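Written out below as structure tokens is the structure these notes cover.
Per-chain numbering from 1; labels A, B, C, D, E and F assigned in written order.
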Amino acid sequence: MGLITETELNAAAGVLAQRDRFSSIDLTALLGAGTTVGPHVFIDAMAVVGEQCTIESGAHLARGTVLENNVFVGAHVAFATAPGSMQHPVVVKQGAWIGANASIVAAGIVIGAKAIVRPGSVVTRSVPPGAIVEGNPANIIGYVDATQGPPGSAQAAVVQNRASVETTPVKGVAVHHFPVIPDLRGNLSVGEFDRQIPFKPLRYFLVFGVPSRELRGEHAHRQCHQFLICLRGSCAVVADDGVHRVEVALDSPDRGLYLPPMTWGIQYKYSADAMLLVFASDYYDRDDYIRDYAEFTALVEAKA
Amino acid sequence: MGLITETELNAAAGVLAQRDRFSSIDLTALLGAGTTVGPHVFIDAMAVVGEQCTIESGAHLARGTVLENNVFVGAHVAFATAPGSMQHPVVVKQGAWIGANASIVAAGIVIGAKAIVRPGSVVTRSVPPGAIVEGNPANIIGYVDATQGPPGSAQAAVVQNRASVETTPVKGVAVHHFPVIPDLRGNLSVGEFDRQIPFKPLRYFLVFGVPSRELRGEHAHRQCHQFLICLRGSCAVVADDGVHRVEVALDSPDRGLYLPPMTWGIQYKYSADAMLLVFASDYYDRDDYIRDYAEFTALVEAKA
Amino acid sequence: MGLITETELNAAAGVLAQRDRFSSIDLTALLGAGTTVGPHVFIDAMAVVGEQCTIESGAHLARGTVLENNVFVGAHVAFATAPGSMQHPVVVKQGAWIGANASIVAAGIVIGAKAIVRPGSVVTRSVPPGAIVEGNPANIIGYVDATQGPPGSAQAAVVQNRASVETTPVKGVAVHHFPVIPDLRGNLSVGEFDRQIPFKPLRYFLVFGVPSRELRGEHAHRQCHQFLICLRGSCAVVADDGVHRVEVALDSPDRGLYLPPMTWGIQYKYSADAMLLVFASDYYDRDDYIRDYAEFTALVEAKA
Amino acid sequence: MGLITETELNAAAGVLAQRDRFSSIDLTALLGAGTTVGPHVFIDAMAVVGEQCTIESGAHLARGTVLENNVFVGAHVAFATAPGSMQHPVVVKQGAWIGANASIVAAGIVIGAKAIVRPGSVVTRSVPPGAIVEGNPANIIGYVDATQGPPGSAQAAVVQNRASVETTPVKGVAVHHFPVIPDLRGNLSVGEFDRQIPFKPLRYFLVFGVPSRELRGEHAHRQCHQFLICLRGSCAVVADDGVHRVEVALDSPDRGLYLPPMTWGIQYKYSADAMLLVFASDYYDRDDYIRDYAEFTALVEAKA
Amino acid sequence: MGLITETELNAAAGVLAQRDRFSSIDLTALLGAGTTVGPHVFIDAMAVVGEQCTIESGAHLARGTVLENNVFVGAHVAFATAPGSMQHPVVVKQGAWIGANASIVAAGIVIGAKAIVRPGSVVTRSVPPGAIVEGNPANIIGYVDATQGPPGSAQAAVVQNRASVETTPVKGVAVHHFPVIPDLRGNLSVGEFDRQIPFKPLRYFLVFGVPSRELRGEHAHRQCHQFLICLRGSCAVVADDGVHRVEVALDSPDRGLYLPPMTWGIQYKYSADAMLLVFASDYYDRDDYIRDYAEFTALVEAKA
Amino acid sequence: MGLITETELNAAAGVLAQRDRFSSIDLTALLGAGTTVGPHVFIDAMAVVGEQCTIESGAHLARGTVLENNVFVGAHVAFATAPGSMQHPVVVKQGAWIGANASIVAAGIVIGAKAIVRPGSVVTRSVPPGAIVEGNPANIIGYVDATQGPPGSAQAAVVQNRASVETTPVKGVAVHHFPVIPDLRGNLSVGEFDRQIPFKPLRYFLVFGVPSRELRGEHAHRQCHQFLICLRGSCAVVADDGVHRVEVALDSPDRGLYLPPMTWGIQYKYSADAMLLVFASDYYDRDDYIRDYAEFTALVEAKA
């Protein structure tokens, strides 16, 4: 990133035209080439702005804020002050888009790559890569570029009478339908391991009581296979193989989602009564987890 | 609307006093006579501002934004950017009032005449004429100048034991009370057409499943009479004869609202379980609808 | 009805075989020809039993009980005592069937023709003709010989996208399906009088808050047409032209039931939240009602 | 079974004392040795009563009713008539007890061995061996001789913070407690196969939507191990090794029940929202099931 | 009570007329003067029946059953057998009325003086004096001779705006109305001890989670004053000074019931969510309780 | 407060460095010593700013706004315009902190001493001293410097089987635990005045129907003792002795909170169904209330 000082910036007035009129940029702040700054902008000390960013009128970048390349910051966006030090500045990863009047209010949070913060949002927690957030406080309402998977059972027109498997655009990820056998004594749903479900589990876990704005998952496994069934209520799972991404609604015990190893998975949009059952092919192993999305995509590329 | 260029505006500095200090107004933007602009304001290219507007400090008008006459724009209000073209700018109709820190975030929406956007609102949809909105996202919470009609049944101190009719300030509009006859086998409510209800219906329709932030109606009929009963849940009806406006709460099957022809009607504040029954004096006729409020008021005046 | 005294009955021992052993029948009780009485039966003073009845072992007929012809009384059935007079005996109409151990506990009630009281029931209210009751206290659970009409919307596999009419085995009675037009702003259901609905109404009425064990209706109209829509919850309508009988489940605002004049109608199985909307072709007229089922069937036969 | 005719029965009057006074027993009915019959009893044609039964005053046995040995029939009990044939008589297995005023109202049902029908019950379905039923209609409320297992989590005074196992009086059957780990993102409950749960599953199944009066299970497995967890709502499991019987309430995802092979299991008392998750050690094998309780106890004895 | 043996009873055949035909009465049973016995009755060993009782056809009195004077036993009523001993016979107190086909199924229970068991009831628990029960199992549905107190708040037409006290027919018992002061921050209800409430409490207790068929109370205090408020849900209180009896519905926190010393009180008809707050003027003192209704009425008379 | 004019402010440019660049401060506004003003700030006529305040970039102070000493105003904060007069300006008390992009939208409201307005909040009502608010509209979410008291019963790991008392850091304030005694007839909770509860009450009151965003209390008593029990639902109580502050959750009838005299108390975070029972040691006495927090702390200090 080729950084320039304010002095150089002022020298480049021809490029920036008149839009930086009345802006106040600290001498210790750095701005990358190709970045445009609107009028009335305030950029505090030690802020670092990458290349090809757009900073609209009246935006306020607190001390030490970091914008990577290709970030858009809308009018009047305000970043939290990181008081006294550079230790916990807000970091905005490349390609993120922050709408007008948004407030990024917590020190140390990260706005993930290509994330979208809709105008007027009050962001109090880190935003995952590719997530779309809105509201006060802001919640995730979707993911950029996620294909919509098969409809949830509640929306599906036809009840499955036999087991079936639907593939998705994401490598290896599949939605399994189990037959529900109703009889006078109650409904019955059966799944067989190593037959309908493509592995033998060594572990199960239950997730429940999740507040609606929480994410779970946000990691991939190197070796472990998982199979998810939402037993009551509903949630959504975003599965990503590093190339494609799909969002699958789980809303009935008659459908399960298979996530093979090397699939980045996120669960969100939990209903208040959601209970998620997960089968895992392995015992818990801390080293099996990949928790950094960049590391994940790098590994995917290395294998390709 | 007599428009002036920025150059003229600058020439008029004596009128505007010092409040436009540090403002950045594009050379292609037009401002009407009598408009005042506060400091730190940013007005982008091809924006059009009418006469007698007030634009407070730090407001941000995106490219192509249109303000009609007598519009108030509070401090730090931000309008969405309409990227790349003039096709879908935000339009603010005359007399609208937009509070401080509000965000008008969707391209192409219209803020209706005399509407009020309360401070801090995030507006994502068009605002009808005279509506008051607030919140993130913003919802309609009332209408300017609407008289409050008779209280809903749930609030009324005395249960009506006989049919009665209450007039309202709006021409011809009346609230009808029907007796509810309770007996051990259930309650019974009866209405007679051409007797209690002032016409014979050729059609009925039911409205239900309305999301709480939705409006319905927003039109007048030239010839058709309507009679509205909220059978369960509750909703509110704004009735307007072009001169007076009344808001009537419908919350019980024992009250109905008569809307004669040439009454502008809006229904909103639907509870989740609301079911509205409407009797109409005529079959559906597309040409009977007046859907533009300005056309409606013009017709009312022409008849007066 | 040719009645015989106990003396004659005893004389007829060859017919009754030994099954009346140990029975105690008051001298003032009357029994019809062809009636059989099991052992241990007690028949109190002034009871009147018709022809071809069966009274099983241990049944107890209180003073003044009246059984018409072809009545079955199961083992240990007990009828309430009508203390002190003949004014309010229980009357069991012809062809009724009362299961073992049932208790008919309220003085003056009538068990209607061909009604069925299931074993063990405790009957505290009159039972309409042809009704089937069970439980403690007993409720109506169905009607004898009623054809099951088209399934309720909740059970129907396919949502109707256009208006249609289904006939039933009962003369003139038809189930009308209305399209429901869903859009983002709520659902809309429309019906047109004199087009989809076969008359113009002069009256509507709403029935709601009906306790689940209540019947409503139980009458026919001479001239008046009716059209029934269950706007929320559910109820069942039994329609009867004097020859055929059908039970129709109403459980959605998108289906209506047309009842022409000279149709005997009953509504029951109300859910707690049921609200029934009825359009009537005439204003209320007391003389238009036929409230006695026998009178109704006589009129039907006279017209045939 | 040594049967005697009524003639012999009358001859045995010294044994039966005077209690059979006024009883009416068909000549084709058979009664076993040691059976006592109270006064006012009616026993219809072709009924078969075993040895050592007690039939109290006023009982009514319909045509063809079968009582095995050691059955108790209380005062005024009435059995349904099986009209016209012997094909579907009611059968009461040995040792069953039927309380006063009970009505056994459906042809062809079976009252299982040692079952208890509480007084006043109206029995409309077969009663399993050892079950206790009551009500109108009658439901199962418990099992004879079942020990009460450890209390459900909802009743337990102390929440388990670590995994533990509680044994029961029934061979091999154990209740497992899992820790529930709450964190900000929701609660987590984990169980490990072959560690906390004593086998690796090849199959899981979910049971849900069970009406409260239903039983499930009622069989044993020869080889298959099972592990039951009630994820929401509650139910009760009766486990029986042929010698001891225990009833265990499952009402929380933090407890599971282990059923080893050769355990007779029944689940009942389902709450409306109950969802039961079962892990099984084997694939489905029809021959692994023992569905007859007598066969099961014979096998248990043979192994002992 | 002058008892007679069966022999004497037979001798009194002229009095009893023919109605005792076919009855079977054990030689050790005792019957009081003036008692009439219907046909097919069975009275087992050591039963004791008082004077002026009526026992209708087919009734079954188990071994040791005790009926006091003036008891009515309807047709086919069955009393539970008290196996093996006289220790826990059913006792029916004087003046009680038991309807046809009722089952008194639990050994050792007591049917209180003047209680009414409605026909077909299955009685599994003792019935308090004067209570009316029905159903399977039987629940209390009211009390004989109880005046109905002021209507519950939910039924009252007019909301009380100021504190007031309503007296009742029962000595000293009064219903206190408290004003509810609504304001924007919530409703407020205030009561002052020694002012509005006629004593200073030394104790409070809360009653909640009461199954709907339970009674509480059923005692009087010698010294202690009580004041009852139903904070949520509803219940009914029967208050009795030994001469008059009143039933008061408590269904709102704005009404309280004062019970002075020497008032017999019963609470019942609890809604599922009922929570009853009771203030007591004294600490718990076992000796302050009068738990026998007869002792209570004797004390009342002694004081009069 | 030593105020300076803008002229003096400009003279003090060395102190303020360059951060006031492009700010627009009315000549009639007053600023205190030590106050720093960021760039792009707009301060309208007759605003009064105290000493040692910080006003960040782009903040907008409407006409007549008053900030006391040590107030922080974040970037782009907007204060409501008080149209036409000085009568109802917004007042911000000393030490308050207002985060970026917050809107203070109602004329005449007061932001209390040391209160915190979180970034992006839309404040429509006065904020009590020390309160923390957030959201649109803003609600209180906590209090500055409040210690967290013992967990509510719902969170406590172990159910108390006997009465106990837990002290808190606040002088005299204690949480009392009561045993809950379950029996077949319902649960019973008992508290004894002058024994478990440290005073005899002269008054009780009930608080219910409190909207979730409401505060109650906000005062101290000079003499009166109080004891609070939340009978259903839940709420939180902040207790403050002028030196320490604790927040106690009340969520079960088995716990009570004792507040001695000279304790400042606030109740908030009411659940929708919360009902709070309060015992007070004295009758209502207007003079016993201290409603001003500053007066309260002064009294506390005077006594120390």
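A few notes on this one:
Rule of thumb we're sticking to: a contact is a pair of C-beta atoms (placed from the backbone, for glycine too) under 8 Å apart; a residue touches a chain by one contact, two chains touch by 3 or more.
Note that the structure is a prediction, hence the values are computed from the model and not measured.
When chain centres are set by their Cα atoms, the one at the greatest distance from subunit A is E. Set against the Cα centre of subunit B, the chain with the most distant centre is D.
Counting the residue numbers that touch the partner chain, subunit A and subunit D have more than half of them in common. One simple way to say how far apart two chains are is to compare their mean CA positions; for subunit B and subunit C this gives 54 Å. Averaged C-alpha coordinates give centres for subunit B and subunit D that are 67 Å from one another.
Separation between the centroids of subunit C and subunit D, computed from CA atoms only, is 37 Å.
Under the contact definition stated at the top, the residues of subunit C that touch 2 or more other chains are 22, 40, 58, 76, 101, 122, 136. Partner subunit C is touched in their complex by these residues of subunit D: 22, 24, 40, 42, 58, 60, 62, 76, 78-81, 101-103, 105, 122, 136-137. Put simply, subunit E touches subunit F in their complex at residues 182, 184-195, 200-211, 214-216, 231-232, 253, 270, 275, 277, 279, 283-284. Against subunit F, in their complex, subunit B makes its touches with residues 18-19, 21-22, 38-40, 56-58, 74-76, 99-101, 118-122, 134-136.
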